[in-house]
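Input: structures, listed below.
Both complexes shown next keep chain A, but they swap its partner, so chain B is in the first and chain C is in the second.
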Partner chain A sequence: MFPVINWSLVSLEVLMSIILVLLVAVDIALPKNTDKDWIGIFSFIGLAGLIIFWLTQGSLNGVTFSGMYVMDSLAWFFKGFFLVAMVFVFAMTQEFFKSLGERRNEFYLLLWLALIGMCLIASSADFLLMFIAIEILTISLYVMTAYLKSDRLSIEAGMKYLILGALASGFFLYGISFLYGAAHSTHFDVIQSYCQTHGITPITVFATVLIFAAVGFKIAAVPFHMWVADVYQGAPTPVTALLSVGSKAAGFIVLIRLFFGVFGAWHVEWSLVLAVLSAITMTYGNLVAMCQTNIKRLLGYSSISHAGYLLMGAAAGTALGAAGINFYLLGYLFTNLAAFLVIIVFSIAAKSDEIADYAGLSQRSSLLACAMLLALVSLAGMPPLAGFFGKFTLLMAVIKSGYVWLALIAGVNIVISTYYYLVVAKRIFVEKPHSTTPVAISAGMQLLLVLAIVGIVVVGTFQGPFLDAAMAAVNGMYLAHP
Partner chain B sequence: MFTPNLSWILLLPLVGLAFVCMLPADKTSLIRRISIISVLVPFILSVWVYVAYDHVAGGFQFVQNVPWVVPFGISYHLGVDGINSLMLLLLGAVSLAAVLVSVSIKERIKEYYVLLLITVIGTYGAFLSLDIFFFYFFHEVAAVPVFLMIAIWGSERREFAAMKLTLFLVAGASLALIGLLALYLSTGLQTFDLVQIQQQLANHPLPLDVQNWVFLLIVVGFGITLTLWPFYTWAPVGYAEAPTAISMLHAGVLKKMGAYAIIRFAIQLMPQAAHTWMPIIAALAIMNIVYCGLVALTQRDLKYILGYSSCSHMGYILLGLACFNTIGLNGVVYLMFAHGIMAALAFALTGFVADQTKTRNLNELGGLLKCMPFIGTCFMMAAFASAGVPGFANFVAEVLVLLGAWDQYRWLTVLAIFGLVITAIYLLKAIRLGFQGPLGPRFAGLTDARTMAAKFPYILLLALLILVGCLPSVILTHIGSSTAAIVESIR
Partner chain C sequence: MSPFFFYLFAAILIFASLAVILARNPLYNVLALVVAIFSLSCLFVLLEAFFVGMILLLVYAGAVLVFFLFVVMCLNLNTVVLSSQQQTRFRWLGSFVGLMFLFSFALAAKSFIRAHAMEPSSIRGTIEVIGKILFTDYLLPFELTSFLLLIAIFGIVSLAQGALSTGKDSENL
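Take a look at the complex of A and B:
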């Protein structure tokens, strides 16, 4: 019998797919030599419509497609997150390809595909769907990473990402197969009840380790971080932004779903492993970030260290920890996007991503300098900016779970990271500029920069509603571990 | 009957800050004027708060409480008692003087005042907050503006100094944050509200082992801000390289946030642990007094002398904190005020001298009293105040601290008194080398602070020093009920 499908739950992804197909059609129908960026314009209209539609979906809750697809508070929260992130990434793409010109339209289509993949990850309630969703995201990222086909760094980045990504996918599938052997299902609810009734065995240890390795690749946790610096540096900057925000958040959804929900009963066994990995990840990322000279590589290593901070929430293993992850990512969204907006605008003007070239930026464009400063300070975790309250929540979660040593290591890391963020800030504000020509910023970029700044400050100062949202996302989660 | 609204102290300078941000950078005189108003108004409000505070009734007054982050029990909770209303007055006076002496800044004026105002607002917020979260929140707001101000407008080794100062302070703040979070979690109240936590812990103190490590984290964390020996090394270099206004604010007021936090969050909330740890802190305090004093003796740079001197004086504050009696705690709070005013005055004068002479090296200076009689006289008075000459506020404060410490730490007190002698030596030496003797030919054409406007910041600070030095009751009656309440709760 054909299963009954509740289409209203899936409507967001369905709409996205329709938009994608329509855009493909428009792309084919458009004359080749048109200057107008129709696909970009339609994409913004589509995203705006989807955000409005997303707002109406807040109360949806249910499972469909024979239990493979779930729409719950966590999925809803992150779909909104991805839509907002995508608005920024599309605008960055538009700006970025102004200087490159050709093959822009296909890039937009790949971004749409990545968006669909991320939304499906958020809604997966079955390992198979989760695998497919991750692949949709990752494969579009492979292509986009290597998109600048005349640029050696971009090709190298794509290659590296492809090989390690394929390896991670292999791990994931292999882990699923062992888990299937143990629990006889790929459904999350079946596996969860298996976990609750069975202790962890060598087979399931092996399975969960393999699955964690794949997630670790997505979130860039040590020791699965090898790709990060080269890929961040070589990929077109909008892709780097997407990797650092969207792809990382997608990884953390998987982590929350699996380690707070499905494997929740085994958290006692996992907790210490996650805590140690968290400590190693943040320390490694911060130490290596100190000696970077390229801003994209610096943010790459900084993104590793932030994966470490975020893993604190996973190590805590409580609803507070998960809410902390959600809040942190929300702050990280605005913070990192602000930084990448500055990088894009600056690299178009100065043709460089070297930190040395940022010298004296404050005298060339106060908006860029201000946005970068706020982003860096927020990444360092200082009030009144978004990054502070995220770290505050996560520290609270780990101390509550008894990991005071982890909190202390995080404290040391905050000091290390403050150093290298402030070194960049110092270049921007203190050193003499190489050239005094003002950096031109298009109106769209100005708007987005201001939006990102407002986001950083508002999330950091009026934390209440955002924390409520982050907590609601966890509390209403499907299969939440009691 | 009007009562002061504490939020105005935060909001009005914030409005001023917004105006400064929106003005074009070349409207420098307008920016300066708005900045002066933005610190003058909260100063006046602080005076009003100080006068209107009913010290007979005691307790927290003019309280405002708005829930902010409900799940964590964070609230925007403002209120003053005798101690923090005095700190508001200190900050008001020092920030006004700091903005007034900033006329010597000639480049990147808009950025300068934006950062300066953020620093001042953050510090006001910290002293006004009765919520542990917001105290921390506001106290950290100043970190990055201070970094940038030192790095941009400082003297030769400014970048090194800015980074060192900021990293030390961030490290201290991180430790303190972990301690405060552990405190929050172990009360089990789900609130950061200081008043509620105080009531709870007064009746149900935390287990001693928890108290011991949480106390240590908080005291070492905020101790770094307070230049607790051996974590003081950031201060002399930081103050020396910073622009005058930041030296004044930081040495005068910002580091007092550390002492304030130790009183409020560590000693009062965890008295048992305080009794365990504070004798050790008292011994470190003597290291502050004697060691930093001896280092100050060897310095030739006027600002380094003041920087080490400032670390040395923090020893008296720490020693007083270890006394657990009313007279000692009164001395601590008194000294926080007196040293704040004195340090701000000394740094302001040194900044003036350095701006005129282009050097701070005592071997090159000399005879400045001849060409700058007003500045030189003020400096001598500040030095006398610092050395504990009667008639100035510091004398009263230090006597109170030493009296408080006498019963419990007799030998340490003797050493602390010895520290006053060291202070007198290096300050008198500075006066002799810098301001007396023959005037160097380089300095013949230098001018004094001539107009009333130029003299005003120094007169303001000096007047406060002498006023509270001659009339100690202005402060002692004001803070008496608040310090007595704290001592009561830690007995």
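Take a look at the complex of A and C:
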């Protein structure tokens, strides 16, 4: 029987698809020699419209497409997250690819496809849909990573990401097939009730380990982190920003849906594994980040360590832990995007991503130096910025769940990370600049830098409404574990 | 009749798969993969999943692997014998992880046979059944695969197009 489709639930994705098709048409219809960046302008209009439309969707709740697609508070929260992140990424793309001319248009289209993929991941209630959505996101990321095709690093990054990503997808599918064999369905609701009635068996251990491996690849948790540094360094910087914010958040939404919701009944067995992985991930990321000389690599390793902090929320396994993940990601969004905005503006002016070249940046542009300092200090987790309260929430969640040792390890890690973040800050503020020419910042970049700074400060100081939103996202979640 | 054929094709599949990773000549790798795919599709036919078996043959053995062969031939790799000197560093670790994987797989498979066997006749993999499922229950993922194709097209267009005029793009980056 043909399924009954509730179109109002999927309207956001439908609108995105319509915008995508229109942009493809515009791309074809445009004369080849226009200098004006029409696709970029239309993309911003589309994103603004979608954000307004997204605001009206907050109360939607339901399942459609015969139980495949879910629109709940968690999906709503993350769709807004992805839309805001995309505004930044589009602006970065516009700035970064000024010289690329015509090829920039296809890049915008790929970004739109990645956005659709992320929103679908947020709304998946079925493993098959989740797999397709993850593939839409990752395959467009493979292409975008290798986009600077005459740059050897970019090609190498794309190749590595493709090969390891294909392996992760294979693991994911293999895990799903075992789970299907056990529960005879790919729907989350059926699998959840299977988990509640059955204990953990060798089959389900095998299946969940494989699925976790694939998710771990997306969030860059430690045994599956091999791709991070090279891909972060080689990819065009807007893609690195998208990887570090969007792709990681997409991984964590899968983690929340699966290990907090669907496999919630097995949390006792999983919790210790997640806690140990969390400890290893944050320690590894921070220790290796200390000896980096390239700022994109440094942020790559720092993103591994942040995956470790975020895994604490998954190890806690309570609603507070999941809400902590959401809140932390919200702060991380503004913090990391601020850092990447600075990197893009600086790399266009100085043609370098080396930390040594950042020396004396404060004398060349106070806005860039200020934004970078706030981003670094917030990543390190100092009050009153966004990063502090996120870490605080996660630490509270793990201590309440009885993992005091994990909280202690996290504390040591925060100290270690403060060191290498502040080394970069010291270069920017204390050392003598190599050249004193001021760094030019376009008006759009200035606006976004200020927005990101405001985001870091506001999320950190007025945590209340944001924490409530993060908590509401978890409380209204489809198939939340009781 | 089916147990005999099952064991026959399973044995061929295992040997062919081993040949894929063990043969030194790239041409033999690809040919062994063709044999592996063929015996896999035979296993699907024994399970009465005719459509999957057919697609496997058509798409993989027919299109993808022939394409592989073309690439191998164009690159003239058949004279190159891959050296075995590398990978000594991670060989022991790799073997250990592989054995662990195999062990947990064996455990999973063992409990699988005992607890979760479906009667094979309950599902018939004809085109009609698969088509019905694809266009009703699995409508959304099925339609979304079109996005994957779209990405593939964009990727090819942007990565392969104008490959001759390299050097121009990265000037200002």
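Here, the second predicted complex is superposed on the first by the 479 of 482 C-alpha atoms of A that agree within 3 Å, B and C clash if a C-alpha of one lies under 4 Å from a C-alpha of the other, contacts with A are read in each partner's own complex, and residues count from 1 in each chain.
Quick note on the criterion: a contact is a pair of C-beta atoms (placed from the backbone, for glycine too) under 8 Å apart; a residue touches a chain by one contact, two chains touch by 3 or more.
Being a predicted model, the structure only gives us computed values, none of them experimental.
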With the two complexes superposed on chain A, say which partner A:F65 touches: chain B (first), chain C (second), both, or neither. second
With both complexes superposed on chain A, which partner does A:Y147 reach: first (chain B), second (chain C), both or neither? second
Have a look at where A:L30 lands relative to chain B and chain C in the superposition and call it first, second, both or neither. neither
Taking the superposition as given, does A:V454 touch the first partner, chain B, the second, chain C, both, or neither? neither
When the two structures are laid over each other on chain A, which of chain B and chain C touches more residues of chain A? C
Does chain B (first) or chain C (second) touch A:A425, or do both, or does neither? first
In the complex, chain B residues that touch chain A: 68-72, 74, 111, 133, 136-138, 140-141, 143-144, 147-148, 151-152, 159, 162-163, 166-167, 170-171, 174-175, 177-178, 181-182, 184-185
So in the complex, which bits of chain C are touching chain A? 104-105, 107-108, 110-112, 115-116, 118, 135-141, 144-145, 147-148, 150-152, 154-155, 157-159, 161, 163, 166-173
Residue positions on chain A within touch of chain C in the complex are 1-3, 65-66, 68-69, 96, 98-100, 103, 106-107, 109-110, 113, 116-117, 120, 126, 128-129, 131-133, 135-136, 139-140, 142-143, 146-151, 178, 181-182, 184, 201-203, 205-207, 209, 236, 348
Mind listing the chain A positions that touch chain B in their complex? 362, 373, 377, 380, 382-384, 388, 392, 395-396, 399-400, 404, 407-408, 410-412, 414-415, 418-419, 422-423, 425-426, 429-430, 463-464, 467-468, 471
